[in-house]
Amino acid sequence: MEIKSDSIIEDTIRLLTSLDNAESQLLFHEENQLPSIKRLREAVDILRSIIFPGYFGEPVSAHSSLPYFLGVRVEKLYGILVEQIQSVLHLKSAESGNGKAHESAEETTRRFIATLPNLRRILLTDVEAIFNGDPAAKSHGEIVFCYPSIRAMINHRAAHSLLKLGVPLIPRIISEMSHSETGIDIHPGASIGEYFCIDHGTGVVIGETCIIGNNVRIYQGVTLGAKKFELDKDGNPAKNIPRHPIIEDNVVIYSNANILGRITIGKNSVIGGSVWITRSVPSNSRMLQQKAIESSFTDGLGI
Amino acid sequence: MEIKSDSIIEDTIRLLTSLDNAESQLLFHEENQLPSIKRLREAVDILRSIIFPGYFGEPVSAHSSLPYFLGVRVEKLYGILVEQIQSVLHLKSAESGNGKAHESAEETTRRFIATLPNLRRILLTDVEAIFNGDPAAKSHGEIVFCYPSIRAMINHRAAHSLLKLGVPLIPRIISEMSHSETGIDIHPGASIGEYFCIDHGTGVVIGETCIIGNNVRIYQGVTLGAKKFELDKDGNPAKNIPRHPIIEDNVVIYSNANILGRITIGKNSVIGGSVWITRSVPSNSRMLQQKAIESSFTDGLGI
Amino acid sequence: MEIKSDSIIEDTIRLLTSLDNAESQLLFHEENQLPSIKRLREAVDILRSIIFPGYFGEPVSAHSSLPYFLGVRVEKLYGILVEQIQSVLHLKSAESGNGKAHESAEETTRRFIATLPNLRRILLTDVEAIFNGDPAAKSHGEIVFCYPSIRAMINHRAAHSLLKLGVPLIPRIISEMSHSETGIDIHPGASIGEYFCIDHGTGVVIGETCIIGNNVRIYQGVTLGAKKFELDKDGNPAKNIPRHPIIEDNVVIYSNANILGRITIGKNSVIGGSVWITRSVPSNSRMLQQKAIESSFTDGLGI
Amino acid sequence: MEIKSDSIIEDTIRLLTSLDNAESQLLFHEENQLPSIKRLREAVDILRSIIFPGYFGEPVSAHSSLPYFLGVRVEKLYGILVEQIQSVLHLKSAESGNGKAHESAEETTRRFIATLPNLRRILLTDVEAIFNGDPAAKSHGEIVFCYPSIRAMINHRAAHSLLKLGVPLIPRIISEMSHSETGIDIHPGASIGEYFCIDHGTGVVIGETCIIGNNVRIYQGVTLGAKKFELDKDGNPAKNIPRHPIIEDNVVIYSNANILGRITIGKNSVIGGSVWITRSVPSNSRMLQQKAIESSFTDGLGI
Amino acid sequence: MEIKSDSIIEDTIRLLTSLDNAESQLLFHEENQLPSIKRLREAVDILRSIIFPGYFGEPVSAHSSLPYFLGVRVEKLYGILVEQIQSVLHLKSAESGNGKAHESAEETTRRFIATLPNLRRILLTDVEAIFNGDPAAKSHGEIVFCYPSIRAMINHRAAHSLLKLGVPLIPRIISEMSHSETGIDIHPGASIGEYFCIDHGTGVVIGETCIIGNNVRIYQGVTLGAKKFELDKDGNPAKNIPRHPIIEDNVVIYSNANILGRITIGKNSVIGGSVWITRSVPSNSRMLQQKAIESSFTDGLGI
Amino acid sequence: MEIKSDSIIEDTIRLLTSLDNAESQLLFHEENQLPSIKRLREAVDILRSIIFPGYFGEPVSAHSSLPYFLGVRVEKLYGILVEQIQSVLHLKSAESGNGKAHESAEETTRRFIATLPNLRRILLTDVEAIFNGDPAAKSHGEIVFCYPSIRAMINHRAAHSLLKLGVPLIPRIISEMSHSETGIDIHPGASIGEYFCIDHGTGVVIGETCIIGNNVRIYQGVTLGAKKFELDKDGNPAKNIPRHPIIEDNVVIYSNANILGRITIGKNSVIGGSVWITRSVPSNSRMLQQKAIESSFTDGLGI
């Protein structure tokens, strides 16, 4: 019996390792060139503790020692990012030489580090927007500490910044980290203005080519997605074509609304919950789902 | 090159530490007075192992040793809560004196501990409600073990209890823990009756001033939210004004429904999925979205 | 005061341990027979590292050492599954004898192990389906690495396989793990064809008796659920009756759509977002929510 | 080159796995029957926290909750010991049946648990002896907290107790744990009276058949060892023959003394440092090394 | 049987908790006032990474970031020491008031922090002494990295410094940490000059009132201990009376030598291994054990 | 007050970072080129689990899966050693080029891996020697599991092998690991024959240029050391000159004996405990310390 077990295991291992060429390429060969989830998670934790040093990471005991703590954190973030960015640069054809990759990774990381003060400034506008938009928020501190959208926006704004600096793959991994943590899924390609407020957030999806203005507020379950998409000449989906909505300033979108395709929601508009919008909406609109209707018992909904 | 890197880092650190007054207050000064996420997570784990000792925490080997295990767990929960509640009492103006804060934290914790037997009793009604409401549930044990709503409701019912005892901030943190874990976001202020059943639960939002009766069942993606909100005389959102729905006994609300504002869903009503309800509904109603319509290909939805 | 605290604690412990019979059975007696969440989490991590060895688990340094790594992983998976399956077999009435349970657990585990090569083959079709269905996906590797639906589908396809082998409880636990991680909730009973693509995924619910064809694509927030359900002669919900939709080949279902009851969505159909469908739909249909309407300010939606 | 590396690795693995029969038996077959170092380490930590609850293990917040903590600790110790003792009983020929082994392990563990109160009583005499014997000891608490001999004696007295109950292998493992931690190597077979004081302790060796009276004090580096040993009829060292010293009451032995063979050091004797004693010494003796002599530079000792 | 087990456990717990007054005081009441081994271990790790930043603690990536790393480390060391020193100040009668204890702990910690630069300077002389004294040492770096005496001396010199600042208990705990790690047991009271070299070190004991000059070298197993000690009027060992040797400059002491009592080893002396010295030795002496003698087989030493 | 604390901290940091040139070189510049203690500890753990797979590392469930486990372990060991050896090769002048260092590290590691089967063979002779030499050893398994000398000898024989392959620093680190763990300090340079038995072992020191034959047994506290050493023309200790004893076959050396200088202990000799030997001893000798003498009370040894 023991032997039978072993033979099944050996057969299974044999089958699992006898990969055809395509599988082999997918499952194995790239491996050495993949970034480390664990190290990127560290990087995100450090990033958060740089942006909001009083709330994330180990406590800083006195204001006067803040520079030491920030110094160490920025150093570590620098070190991890150089290492991780170097590991993905081969995915971009031009920079495959190893020495070159290291220099390029250092240069990219330096540029990213230099954006941190502005990153914090914008994130503080997001905190302010939530405070102004949610009566349940008791203090700014509570928002930083408890609102998942702040975590999602730290990750998004950093991932977007890395993407603009030409870093492949890593921005998506950073986005997925906060997606898993908060249920908010923002593609790093999306461009989002200041004073952005997501309330609750679970199920929010913001697509790759979205453009969102300032002072926009959206609720849980809102999809800013694509509709039909173009195929390229090989029959594959055409990449990088604008296919997600433009949301102008001061728009509010209620829970579970679906806004799809390269359309524009004009400024100051309010979009009600669970609507299905696939055409542009002028400024100052108020769009609602048609009224629910009273149904009879015969429809079969039980308690 | 190395030097350049350092100077960027040093410039960045300088910019990050040269906070203006408002930023400084937000980012740093509160820090010593914030509760510890790590310790509160421990508290929640212990709480769960007190409520359902056979399912959470380390196994209890024999019935006769249950009192020892519960004794140690209650002791530890007491210790963590006194420490954490003391750390937030300064957020309430009256009790800033240190000695007083400790006594007050002990008194509050004692009162909370005394609610645990009732807390378990009510949570058992929630288990029962799921068993009766979900044909997929094979046993009571499976429900405690596998249903995210049980985790969310342990956290909610405890957080609600702490909030009523006047504890600031901590209830929100406890709610966010299960929000991140389950996708179910219940504000600790919400008042929820017995035999409450959430099925699946991802995307559920239950707002701060909701009042939910007994024997209510809701599905994933349901929002019990606020609509427009009042501004106070300073133009800030007016806090603590009832602005979320009242759901009466025996109501069922299907997936992704949006019910907004201080309206009442009368008892025994059934609300269909993805509806948008902003006005009260009498008892025994059955509200459905209008029928979906057949659309042509010209609307642009592809495969 | 100290004494008072202790007496509250002692009273509370006394109340918490003085269980009535039904509570005692629920809270305690089953305990020795419950599987270990921690060990099953290990099993899932190992399973993922067997299916996609280049992406999950510790890096495999050279192609030639892949057999060693797979050998160790399959061995460990075998060991954990035998132990965990044995711990739940008593939940099935026939196999309570201890020796028998061990043999039966070994036999079941061997059969499961033998499905792994096919499991990987099907999962590769899911990767392919996402690559073809999402213009934002830059490479197959990014999909395995970053798309939550891959994690959910590894868990689902393994859980479904274990369920078909007659393993109780464990499949549900495995499903809940990826539900918590991804927000995608698929009951292990659901039968899902090849080339299945879930995009974003948060809030997706796929019920126990669903049957899904090949080449189906669904978006976040989609519910494939039950409506009213039958009660058996004791007034309990009747278990195991088909009550969830059949989705035929090549169907696309947009975000937050609700499809309920044992109905059929005919092949090649497209279902728009946030619709409410409780009746069957013929092949090649395109079903959309009725147009949103412009509402006045008097409806009370503020910014 | 890469290939060469692999072939070396494969050759090495082949050589490492092609064991002859004797090697195979030593290196592999016993494996399933070995106790777990990790679990025994846990057992020792718990044991220490039962004996000296104020010093080892997590803090006990109030005297009134001591019974809960001790209850949980004794329970856990019981559980680990049953499991570990069962894993070694096969090493004793008579009790190989599995069911029988479990019962026997439970019975043995119960007997061991029952010795704990006396174990603590004797260990308190050891604390007292150190306090009386070392002017550097400032308090009883410091001794429990800082003196390695207390850790060594907890392990020894427990290991000796288990050995007398017939448990194989585990007592030796427990002794080695404190040997590694403190440099004090006491064979579990050694019989040691009350009020035993080891100061500093590094390098102390107390052999298997030693018998030590009450109120004995020994210093670092002292060996109570064997000299020549008998061979049995097969030419192997004869096991279990008394071959280590008897140390009577009130003896003091200074650092690095070597006392070898089944001899007796009579009561009240004082043995000086670095002596070599292989014959019995009457009561009240004072034995010293002969005076050191002045040597010339020509002996070659440099600075 | 199960019941019997429980009753033994319950009886044992009852016996273990029914402490008489003296036991209770020893085993329990001090508990809240004991320092935390875990936190002090952290403190020692940080201290080592401050003294030798290139060798202990996480790597410092660039020289220019050294100040940040040292800043954070000194801050953390400060925080832990204030907390731990405060926890032991009650052991000194005068400073029992809580507020006062905190201030006093801060003052003491500040004074200790201020000694760190000098602490490092002296430790560098110890590194130099080993380099000059051991032909096996290949580089200064190897010494810091691999020589246990460096770890022991970091702990000793810091513990000695804390002791002189009046901190109770903690210095002994710090000494025991390196005793367990290295086998070198130096009482924090011992006063040791610069350029001190311990080679190998296992079994070295240096007593509380030792005074050691500059440029002294000692080998493994050397005891600088006490002989007979005075009893005070209550019959307890008289504390704090000089009872250990004075070792003058440039002395070398070979392995396992025993030097006991308040005697003086004059400068430039060399003491051979395993000697027993209880009387002072003038400067420039060379003391050796008397020659070993050839013994016959009849003494019973076998192979 | 707070400020004063900060200024002390800042002053201290300033002093600690204002290194003079020599200090800077010692404390900092080498840092990037130091091996990682943590990774080498991993390597040693893996090595032990390769040599004795049934005793160290995670359990191997079946004999047939041993090759998988050994394969993974050898792979990992290979990976860590290449990385760590590369990090120290710069310490050898000739191979500083980076690419060359990697190749050289791979070549060295391959050679080391190829010695593993022989390493195990010799270590099995050491196990046998202990079994034959210690009546307290109950089985071969107990020896592998419990005898510190086995751990010390695995480390030594591997470190010696690496040293002979020209690897700097790492062999010393590996030796120090088992020194700290067992109290047995063997310099990796020492050459040791087969069937080597160390009993108890604490305090054993075996110097860099020792040569030890086959079938030698030594006890705790034995020093095989150097005496006076030569200075080179710069006044530094001359490195790499033979200065430690040669111990011929079948010698037994009892506890705490000191054998110093480049002398020879002839075969079959027995050396008694605590002797001081600085001259060669012919074969078949039996050397003992002179008899201890009875001393009067006036020598001052108290109880």
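Going in written order, the chains are labelled A, B, C, D, E and F, and every chain counts its residues from 1.
Here is the rule we use: a residue touches a chain if its C-beta (ideal position, glycine included) is under 8 Å from a C-beta of that chain, and two chains touch if they have at least 3 such contacts.
This is a predicted model, so every value here is computed, not measured.
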(message) Return the chains shared as contacts by chain C and chain D, ordered by label.
(response) B, F
(message) By mean C-alpha position, what chain is farthest away from chain E?
(response) C
(request) Tell me whether chain B and chain C, two copies of the same sequence, contact each other through the same residue numbers or different ones, using over half shared as the line for same. (result) different
(message) How big is the rotation relating chain E to chain F when the fit is done on Cα atoms? Please round to the nearest 5 degrees.
(response) 120
(request) Find the geometric centre of each of chain D and chain E from their Cα atoms only, then give the gap between the two centres in Å, rounded to an integer. (result) 24
(request) Report the inter-chain centroid distance for chain C and chain F in whole angstrom, where each centroid is the mean of the CA atoms. (result) 53
(request) At least two other chains touched by the same residue of chain B: list those residues. (result) 9, 13, 61-62, 65, 67-68, 70-71, 75, 78, 183, 202-203, 221, 229, 254, 256, 272, 274-275, 288-290, 299, 301-302
(request) Report the residues of chain C in contact with chain A in the complex, numbered from low to high. (result) 50, 52-55, 59-61, 63, 66-67, 70-71, 74-75, 78, 103, 106, 110, 113-114, 116-117, 120, 124, 127, 132-136, 138-142, 144-148, 181-183, 200, 202-203, 219-221, 227-229, 254-256, 261, 272-275, 278, 288-297, 299, 301-303
(request) State the interface residues of chain E toward chain D in the complex, per the touch definition above. (result) 1, 4-5, 8-9, 11-13, 15-17, 23-24, 26-32, 34, 91, 168-169, 172-173, 175-176, 179-180, 183, 185, 187, 189, 202-205, 207-208, 217, 221, 223, 225-226, 229, 236-241, 243, 250, 252, 254, 256-258, 260, 268, 270-272, 274-277, 285-290, 299-302
(message) If we count contacts the way the header does, which residues on chain E are in touch with chain A in the complex?
(response) 61-62, 65, 67-72, 75, 78-79
